[in-house]
Amino acid sequence: MEQMKSGISPAVREPRTSGPVRIGVLGCGYWGPNLIRNFAKLRSCEILAVADLDPKRLEPVAWAYPKIKALNSPEALLDQDDIEAVVIVTPVSTHYELAKTALENDKHVLLEKPLAASVKQAEELVRLAEERGKILMVDHTFVYTGAVRKIRQLIETGEFGEIYYYDSVRVNLGLFQRESNVLWDLGPHDFSIMDYLIDEQPIGISAIGAKPVRRGDWAHESVVYVAIHFRSGLLAHFHLNWLSPVKVRRTLIGGSKKMVVYDHLDPDNQLKVFDKGVEVSLGEDLSKVLVQYRTGDMWAPKVDQTEALEIVCKHFIDCVQTGEKPITHGQVGLQIVRLLEAAQESMARHGEVIEL
Amino acid sequence: MEQMKSGISPAVREPRTSGPVRIGVLGCGYWGPNLIRNFAKLRSCEILAVADLDPKRLEPVAWAYPKIKALNSPEALLDQDDIEAVVIVTPVSTHYELAKTALENDKHVLLEKPLAASVKQAEELVRLAEERGKILMVDHTFVYTGAVRKIRQLIETGEFGEIYYYDSVRVNLGLFQRESNVLWDLGPHDFSIMDYLIDEQPIGISAIGAKPVRRGDWAHESVVYVAIHFRSGLLAHFHLNWLSPVKVRRTLIGGSKKMVVYDHLDPDNQLKVFDKGVEVSLGEDLSKVLVQYRTGDMWAPKVDQTEALEIVCKHFIDCVQTGEKPITHGQVGLQIVRLLEAAQESMARHGEVIEL
Amino acid sequence: MEQMKSGISPAVREPRTSGPVRIGVLGCGYWGPNLIRNFAKLRSCEILAVADLDPKRLEPVAWAYPKIKALNSPEALLDQDDIEAVVIVTPVSTHYELAKTALENDKHVLLEKPLAASVKQAEELVRLAEERGKILMVDHTFVYTGAVRKIRQLIETGEFGEIYYYDSVRVNLGLFQRESNVLWDLGPHDFSIMDYLIDEQPIGISAIGAKPVRRGDWAHESVVYVAIHFRSGLLAHFHLNWLSPVKVRRTLIGGSKKMVVYDHLDPDNQLKVFDKGVEVSLGEDLSKVLVQYRTGDMWAPKVDQTEALEIVCKHFIDCVQTGEKPITHGQVGLQIVRLLEAAQESMARHGEVIEL
Amino acid sequence: MEQMKSGISPAVREPRTSGPVRIGVLGCGYWGPNLIRNFAKLRSCEILAVADLDPKRLEPVAWAYPKIKALNSPEALLDQDDIEAVVIVTPVSTHYELAKTALENDKHVLLEKPLAASVKQAEELVRLAEERGKILMVDHTFVYTGAVRKIRQLIETGEFGEIYYYDSVRVNLGLFQRESNVLWDLGPHDFSIMDYLIDEQPIGISAIGAKPVRRGDWAHESVVYVAIHFRSGLLAHFHLNWLSPVKVRRTLIGGSKKMVVYDHLDPDNQLKVFDKGVEVSLGEDLSKVLVQYRTGDMWAPKVDQTEALEIVCKHFIDCVQTGEKPITHGQVGLQIVRLLEAAQESMARHGEVIEL
């Protein structure tokens, strides 16, 4: 992961000595099978057990991977001493309890995003992981895509100059979730990408949401706009929408030297770097402002197409083996939950800026 | 203009009797020549004079249209008695004075957008036009495009169902303006489209802006996000940006029955109507919410490709001749200025919602 | 498969009585695993064995599907009496021998495209299958896509009017094959789509090819253009290319009433139906020809997104069970090989038209 | 024009001495006004007269350019002694007679493409121009676009390596022409681009056409495919179509080092240069061929957006003034007519290769 964000923290504990890492997976719904498939390909780990409350969900796993034990309760899995690390792919509301038990049972933990349902829970998990010397990692998948890693590299080399603005759009039709809203569903993706790319700490956040789809008492935000403010004046903005007829996943980053368009859905050119910019100068009598435009070539760097989830799984196992701190470690997961919680609060206050 | 918004107001005054309408054009910079070209094609009017303070700008007009008188001062034009109507294509800061004089000299007025630099000025012009019984029209060009007129038609037939949200993006590189910001430059386009399409009156507006490009004391917003709130809960959102490496002019309108994507830059399919939607129902035990998706055909209706400015010019002359109230009459222009002024105020207050 | 081409032939033999169809798969290279994955999902069949000469290729299958017997020789599989049907996913040069043995051993056969390496071989297989009363089917996958089936439906309803021309482009970078050229690699896809869509029989074929990439004695066509002529005057044209930097898979079908663009790579609108056309009339003095254009709406019908290979596998098993003739039965496969062989001959004769 | 093809021929005659070049324009139909508009902007020339048989077509010119004399017969214009150069924008069938008279009257000539209706006529004009020492230039507009000039530059630097193939598609709906077919209408564009870009001389040409739209005796090719063969093995292919529901103007050029996609309709990235390629090597035992792919970055060089017609007009006047040979001089125009005539002959012979 040499292309990843610099400043990797020192090892959190003594490295493991030998043999494949023995893991268990909690949750076998929509996303779980993807993680199982990727961990199953790694020679550096071995999936001992998978648990889900719903036996039907375990069936295809049991069929495809007869060597993996299928359990009907998470507790049974978490009690298993030979499991060193657990992967939690359950609804957010259960993250805290499951991860807490796992850490208390001295297991390393990889959680599906977001880390937890509240800042308080997230803080507690981070504290516990540090106390126990265990790896705590969040599956912020997009951080591990070739495109996002490439942007990070370009930012680090100073290629873009000063970052002028950051604009992110992630819209599509569905999938509505009963217990969540579009902010908590899609927000972690874009907040974690931004957190990975922008070195500065945000100082405030504001958000506006709409709940056009409702039935009885049920109404969750399905259209949300979030603005994140930085001390330097940098403004990051996010459009999250479950009600768009078209799928858009596009981030614009405007820099003083270069500008980039990251379109996750463009198979050929996920990343386009534009040699475009604006220069402002003052005229002689100071009353005049002159603006000059630069429009040069466009360059679409080749982007590593390795499935990000494969890298996530490998990175987690590597960290367990070496004791290295993951790129998207607990503190990072906590920061994303902070942004989510504050954005939710801002929505309740009609878009008031919440200080961070 | 039968496809236009219904509820055309009654004639503001007695219709003219005969002959081509004699007009004068104030301002010959970037946009002026486009208006001159379009008025010159109409047999129902005759351009008597064009005025600009900068003689260089008049040269090409004088060369191409030798019959049109080229004047170096707006006053000279406004004083000319045989001119019945003036077209004002000058910087916003001059709109009020020029339009006021024109109306006081009993001339009909077509103004480039926005109507004026403040609500106060705009109100004054509307009042004056009514008092004098003169046509006051703003060139909100996009309202006259085939695509926008078609959307209006579809909304009127109830094709879209309840409007869930309105999302508009208008971004590109430049053109920076010394005395303006991106809100006042691009906002009038999208606010006027929304005003034309959405029948409900907005109740609040909030906006956030960034001024990354600055030099000395000079700094204007070049990235702006605006949210407009309606009593029904409808949320309209606008992204205006002078610093984007790519040009995007796209509006999403999500309805309960249909959703539309209006992409002004797609030459073949400016309008796409999607038979897509979401339905939410409650489960038997009321604790469960069931969501169903509908994804059907897409339909790209043929859109009238007549140049919108041609329609604008013809509509103005028609209104002068018949006394009919223009689609984008003074009150409409005033409403757009209200939105601009309130959005500007909200930016100064860090995104606070300004009541309308 | 009710949406498929009408005129399904009568059953070729008595239907099977009961139980899942027991199948064997020959070949586990690039495409084999996709067929195994799809057959493995069907409850109406059971994969008893898989054979490949290369033991390394069998490893992942053995790991993922421990119940399937992994064999190192096709003979061992073909000799197995309890196997009723075999799926042949090996290089074309081996198709004839393997399919012949399978049919002689009274097994139903599904072959990867193309059916065989020559017309002679293909004819022999068709004859043999008829003689033995066995199902012989070719995996012309694209015929089973939702988009192609939808086009067929639209043609059958007369929606397009008279077909004016058929233009197909399938270009991308690679995959070069040592023993094949781009005609035999990509041609079967497009020829089989055309064969399925166009009811008329072709009367001639001509082709031109280039072999820019060569090394030593090795040189195969990597850029090929094929024209297929019909008695009615209809012209079908194909561009097949292994050396294109961009991937294009687009078919235009121009009809007198409607025109369709089928873009396999457009995830949202694979099919676009245009209400566009041309009408020619003679002027009064007969010396003048008047041309009128019709440009109306565009309509993108919803297309069934089921993976085509899933339908192929299910259709094969259904045919084995019911005795029904497959859509892409042996005669169809033979016709495609006829086109390939004739096109190859035309290339050798510098594009001379070969009668069919 | 320093970016243009190297090897400019020596001056054809003594340069003119002074003053703006006095020109006349023959033909004021669809394309004529565009040429008039561009010549009118040049200070180095002066349009003295325009002639058209149809007085209605002269009206708008007379109105817009009152200083230009409007004539009802070409002869009147060609007889005018003070006109040094004529621009012929009339139907192809009239090119020969008009250009011949002009050259015989010692005028320089710029002709709309194609140069003439037959090789014989074209040869005669080239001969005459040389005899009289006059400039003879054809308006092969696309040769003067920024994109085509940029490709030429890249080819000259060897950036692409060996040219593997050339594939050109120019399809759209209409405009049908009574006296022409799609080959003679669109072919000159693509043949002239290829002629400008590829240094090698073609040795053969073959073509296939369809005439699906017909009425009474009237039937012209509206779908045509042309292949041009070079001694090196290079194959150039052209798809010309008046019956496509979508507009495509795309050229692929595959080189051994780089590949380029030139999409005339992509406003942002007309030119995309791909660092993609294929390398073939022989295995140790010579029986194996190994193929390796290279897929690197994509680069979209900035392209000069000056209107090509503006460059055409300026280049013609420059050549008249300096005596320099135009880029698209008579011999070039003759070569294009040769290709057209041979392609037409090949169509009549069912695609037989015509030697050049």
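Which chain is which? They are A, B, C and D, in the order written, and residues in each are numbered from 1.
By our rule, a contact is a pair of C-beta atoms (placed from the backbone, for glycine too) under 8 Å apart; a residue touches a chain by one contact, two chains touch by 3 or more.
The shown structure was predicted, so the numbers you read here are calculated from the model rather than taken from an experiment.
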item	value
Chain pair repeating B-C, as identified from B-D, C-D or A-D when over half of the contact pairs by residue number coincide	A-D
Contact-richer chain pair [A-C vs A-B]	A-B
Between chain D and chain A, distance of the C-alpha-averaged centres to the nearest whole Å	53
Chain A-chain B separation of Cα centroids, rounded to whole Å	40
Residues of chain C touching at least two other chains	246, 268, 295
Complex contacts: residues of chain C adjacent to chain A	64-66, 246-247, 268
In the complex, chain D residues that touch chain A	268-269, 275, 295-302
Chain B residues touching chain A - in the complex, by the definition given at the top	162, 164-165, 167, 169, 171, 173-176, 178, 206, 208-216, 218, 222-223, 225, 227, 233-235, 237, 239, 241-246, 252, 254, 256, 259-261, 272, 274, 276, 278, 280-282, 286, 288-289, 291, 293, 295, 350-353
